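Below are two complexes that have subunit A in common, paired first with subunit B and then with subunit C.
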Partner chain A sequence: MLDLRRLAAVWPAVVAAVGAAGLLLLGLSIAGVDPGEAALTAWRGAFGSWSRLAVTASEAVPLVLCGLGAALALRSGTWNIGLEGQCLLGMVAAIAVLVTMPPGAAACAVGLLAGALAGAAWCGIAVALERTRGVPLVLSTILLNTVAAMLLGALVQGPLQASGSAAPETAVVPEASRLAMLASPLHVGAVLAVILAVVSWLVQQRTVLGFELTVAGRNPEAARFAGIPVGLRTLQAALGSGALAGLAGAVQVAGVTWFVSDGARSWGYAGIAVALLARLHPLGVVLSALFFAGLAVGARALERRMEVPHDLGVIAQGLAVAAVLLAGALAARKRT
Partner chain B sequence: MLTLSGIHKQFDTAVALDGADLSVTAGTVHGLLGENGAGKSTLMKVLFGLLRPDAGSMTLSGQAYRPHSPRDAAGHGIGMVHQHFTLAPTLSVRDNCVLAAGRGLGLIDQHAWDRRILALGERLSWPLDPDAMVGSLAVGQQQRVEIAKALLAAGVDASGPLTGRMLILDEPTAVLTPPEVEELLPAVRRLAEAGTTVLFISHKLPEVLRICDALTVLRGGRTVYTGQTLGMDAEHLADLMVGAGRPGAAGRGAGAAVDAPVRLSVQALQVPGALHQVTFQVRAGEVVGIAGVDGNGQRELVRAILGLQADATGTIDTPSLPANQRLRGPHRIGVIPDDRQREALVLDLPLSENLALGDHRDSPLACAGWLLPAAWRLHAQDLVHRFGVRVPAGDVLAGALSGGNQQRAVVARALHGGPGLVVAVNPTRGLDIAASADVLGRLASARSLGTGVLLVHHDLDELLGISDRVLVLYGGVLVDSGWPSCERSVIGRLMMGLPAHA
Partner chain C sequence: MNDWLVVILLAQALVAATPLVLAGLGELVAERSGVLNIGIEGLVLAGCLAGFATAAATGHPWLAFAAAIGTGSLLALAFGLMTVYARCDQIVSGLALNLVIIGGTGTAWSVMQTHGLTTMVPGSGFDRDWCGGWGVDLPLIGPLLFRQYGLTVVVAILALVTAWILARTRLGLIIRALGDEPDACAAAGVPVRRWRLLAVVGAGAAAGAAGAFLAIMRTNSFVPMMSGGLGFIVLALVMFGRWRVGWMISGCVLFGLADATQQHLQSQAGANRLPYQVWQVIPYATALIVLALMRRGRAGPRALGQPW
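Moving on, here comes the complex of A and B:
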């Protein structure tokens, strides 16, 4: 049911993103960098050629998947802040499968599936704690992120460590088990991400399940009176969101890194920001993830060419999300 | 001490107070009685500065009194204890009192406050610990804090007199256990003996008769009785509160035929602390009214019937249970919940989606799990047209409609398509007379088409006007009043927990 009203609701997001970028360039000009040149450099670095676009799109893939996961959870009123940990578990499960199963497409498929299941299971722990012990989901999911990072660190130095290696790294995924390349470094996972975005949108807009998720998220009491099984729907959303985050990790392992090492990632956290910037719209998540990836890639180009710290990209992402939330709050105030 | 005369207050087109009078003598406990909707709350809000009256005059200690805010009322020495506590559970007793008395900026003298609180506690014979965390106290103790807070905010000081102050207690015993009530009532008397005037609002006649010096009874926004407690009895008061009413008002049906199919059968329904052995049936083509003062188990009864009360035991047999497996046609249950904004509508979704809610998984609005948007639009247009929902333009958000039109939308959703059973809770709440009549008329015509209606309603006039049978809930026990072949006063007595016949 894409109508004008909803389209209008998307526009503040675009305005906010552009506004945030403008604010950033203003800051650059104060710091003595020519903003026009900086903008052009960043743009070329992120979207300037097919090969640059492939880099940006490849970086956007885990953001799309985590963003879809965050949007799904938020839409049903569930604050899953644990996408990061679920993503890490997805990586662990995927690498375990990919380096042990005989090389081939089957290993790749099983690896992705294992990643998704591991992400869902990790989220399931938090949901179980909430349902049986009343532990708030926001707290448990965020704390499980730390546990997941520790677990990953222990595994890559223990059972999953490559034999003969001193570094905390796993063995490398055999070539036959990797995701096929579209245009290096862009891999088939990108197609999967877009398909899942379209499926998410269809489920949300066109299915009974999606409608019930939305109602359960907006007004659980009214949902119960209308006979919607609210507990079941929010469970489905939470597990689905965990599965998407786990899949993000698995896709990254099978398509980009080909091994797992100790250390921090942040696709899970970024996914929440991506979803908020897209105002929880699944197709918007794709654009929003491209924007986030473009900022990161563009900022790296800026650092290389003009010696501007690449943290600027992160600042820009933060500004964009803040601007969108502000625009949303203002729009809500105008309505009432 | 306090005189209110001829107070009028109108909301939109609904008259809440229609010339209410109240005269309270200083240093007495004065009871204020009335059914739900009689105007008690509105009158208290006027007195406490939360609402301005449209007409009428108020005098306090011989001077004209026109409070413009609760703080202003407190400045005149009036404190109010609301039925639902207004305490911050994570703050100490002292901090709650400081918060209530808060007068802008400045330093807080903790020791002075501690002295005040301790001294007041001593005078009321209630030990109060200023450092105790409010959330950790029992309900009865929290209420003492609430009363102390109100008195302190109204300017009672450690040494200052309690005379010239007035305390409004809004159904103070509703939340208390019997032993806590036994502690509260003598304390209220002690307050009065110390010179504080107490306005005591309650539904519980025995309590009122026990501690009040004088009484005022409101009905339909007017004062119908005011005078001394001495010589009054509970039966007489119940009759006064309920009134003679409009006998056989418009719209009673022929009643269900004895062989009409049973649409709802409730057997020995039990909800811990709320319902005891409730048994009744609703047949096709009848309206069964449930009368009762709010909070006597109505909420739990409705939730149990809809499959939302997890701790309910007993048998509830509806054409389809649980509610999330509702079918169409004669097997469908239509629901008009009590609170349209919290339980019925999703305010930030479009009206068309709200009108589809509940039927959204069935044909013709959905097919094999897929929504059919075109059917949703037609469905919305049909309901809007047939039930007279006034919509500003196109498919607006439900939250953009006026309260009356929101209610029409809820009624439309519940009644369209000839449901087998309708469960309606206070379906005319907040509506003006014409809109109320419209809603009741639609319930009546659903009945004549064979729908069984369970009507839980706080407005006794409307309830008696439309119901074929009336059952009364009091303290979780359901009693058949025998209506319509009984006197209206019998229902009033049953609602107050008194025997049906004096």
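Moving on, here comes the complex of A and C:
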């Protein structure tokens, strides 16, 4: 099953990761920070011990889910760059359920489901605008991201604000409704994420549905000619990716933060980068999400130990995406 | 007459529309030549930071303005090399550009804070009276024409020039043809990639200048993520304007009016009973609704987003 040619297809991603890391370390050494020590500190902070690994893995969970969503959409040729907004809507729906329903496992399950549905619905708005009014998905999803962020901000200082609190924050999820811990801060959501990754992979590789999705994305004309319902398949992919992004937000609320406050997040945007680094392979998404989470956690360790700003992690993510693209372009040039 | 609400709102709408038109002109030309740059949001943000940092460090307004334009151009050059010459996907490259700039400006801002570079040297910004205060008290045209930033006037002229170039000159014909039929351009001996790269870099310069407007003219300050979706709105406005200068500018002014109204409503008594986001969302919601209500018209340049 593992043949050499498929292994060779991985090299652009590896080159990309190494190249981006090298560029960053070069920047650090220019800024007067010892790059070797910085790399070691970041590595230890992200992967150095079991407890650090648990932190990184927990950070990777929303990235895996958003990454799976992005991979699903991109494979079907759908430019859903609204994962960010869909993720925020998932958080809103989940917290609304989790703080109102009687505490218990049922509340947790319903909360996650509500998050997924809210994400799918938010994406559905964009798809409906494209299908009925011709508004490009790229545009509507970007605008809907901003609207979602403002909606979340308005809700956490309006109807969802904790009673008696002055800060723009919701009430805290009761303990019985939270996701169970595997090894704090790693929660059961991680298992869910891995299962969903395997399921995505099986659907993509082993089912007619997955095959039709891929063909519809690669060549819609040919797909239509072969009798594949392209419109339906891309709709399914879009809604599925929205649901995964919404679930990412819900899992984060039920497993990590336990409340929602106003402020920026970026799992949705990072999810696209995660999917691209994994070259849209569902199992690769898990590894690539761990890499991205490692960057973020490592950057925070750098900030604590060596007073390097943690935004460096975001630069690294952007560079990784750019490097993947360039490596891919290079590979394409060699082939022709 | 000058304290009528209509006049105040219109004058404010022109201020709000200036960065939109500026960045929009650049993006429009780039898209006409066939390159879609989602990273324009990041380019505006980079312009904000470069302008503010230079103004805070040196106190020279013109140097700060030049720094913003230079930063926007350089980053756009990197994007152009990636998309035009290396033929990378334009949407993904734009997303990567945004990530790098969000991280980069965040990092730079942390460094600036530790060095105490958080306020501008007094007098290193631009004032809102391009005629040196002359004519400000004239009825109606005073607030609308004379109590404006110099850049607003420059942008108005730039818009006329761009519209004329696109519609009436050989250069304009080339730009339009690049986005519709790059193969035909190449056959006619036009260096497709070189022209596209130029359009992208020009758009970057415009986006950087728009960022400078936000940082060293309109607010005289910097906050992380201060571009706040302006670049994304520009993308929507270019599409709303059907890739035509006149229509795009109408969209920008309408949007500016919505923004001015939103700010006015927010400052009214009793407005704080609602969360401020309810007001802030108005322009974005308007953009979506207008796009949805618009009749399906001419699609964009045929080769938009495709590497050549």
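As a convention for this text, the second predicted complex is superposed on the first by the 332 of 336 C-alpha atoms of A that agree within 3 Å, B and C clash if a C-alpha of one lies under 4 Å from a C-alpha of the other, contacts with A are read in each partner's own complex, and residues count from 1 in each chain.
FYI, a contact is a pair of C-beta atoms (placed from the backbone, for glycine too) under 8 Å apart; a residue touches a chain by one contact, two chains touch by 3 or more.
Bear in mind the structure is a predicted one, so any value in this text is a computation, not a measurement.
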First (subunit B), second (subunit C), both or neither: which does A:164 touch? neither
First, second, both or neither for A:102, with subunit B first and subunit C second: neither
Which partner, once the models are overlaid, touches more of subunit A's residues, subunit C or subunit B? C
With both complexes overlaid on chain A, does A:214 touch subunit B (first), subunit C (second), both or neither? first
Quick one: is A:225 in contact with subunit B, with subunit C, with both, or with neither? Answer first, second, both or neither. first
Scan A:134 for contacts with subunit B and subunit C and give back first, second, both or neither. second
Subunit B versus subunit C as contact partner of A:273, first or second or both or neither: second
Residues of subunit A at both interfaces, subunit B in one complex, subunit C in the other: none
So in the complex, the part of subunit A that touches subunit C is made up of which residues? 79, 81, 129, 133-136, 138-140, 142-144, 146-147, 150-151, 153-154, 157-158, 264, 269, 272-273, 276, 309, 311-319, 321-322, 325-326, 328-330, 332
Would you tell me which residues of subunit C are touching subunit A in their complex? 38, 82, 86-89, 91-93, 95-107, 109-111, 225, 229, 232-233, 235-236, 239, 274-275, 277-278, 280-281, 284-285, 287-288, 291-294, 296
Subunit A residues within the subunit B interface of the complex: 1, 205-209, 211-212, 214-215, 218-219, 221-229, 335-336
Please name which positions on subunit B make contact with subunit A in the complex. 306, 308, 322-326, 335, 337, 342-349, 353, 357-358, 360-361, 366, 369-371, 373, 397, 399-400
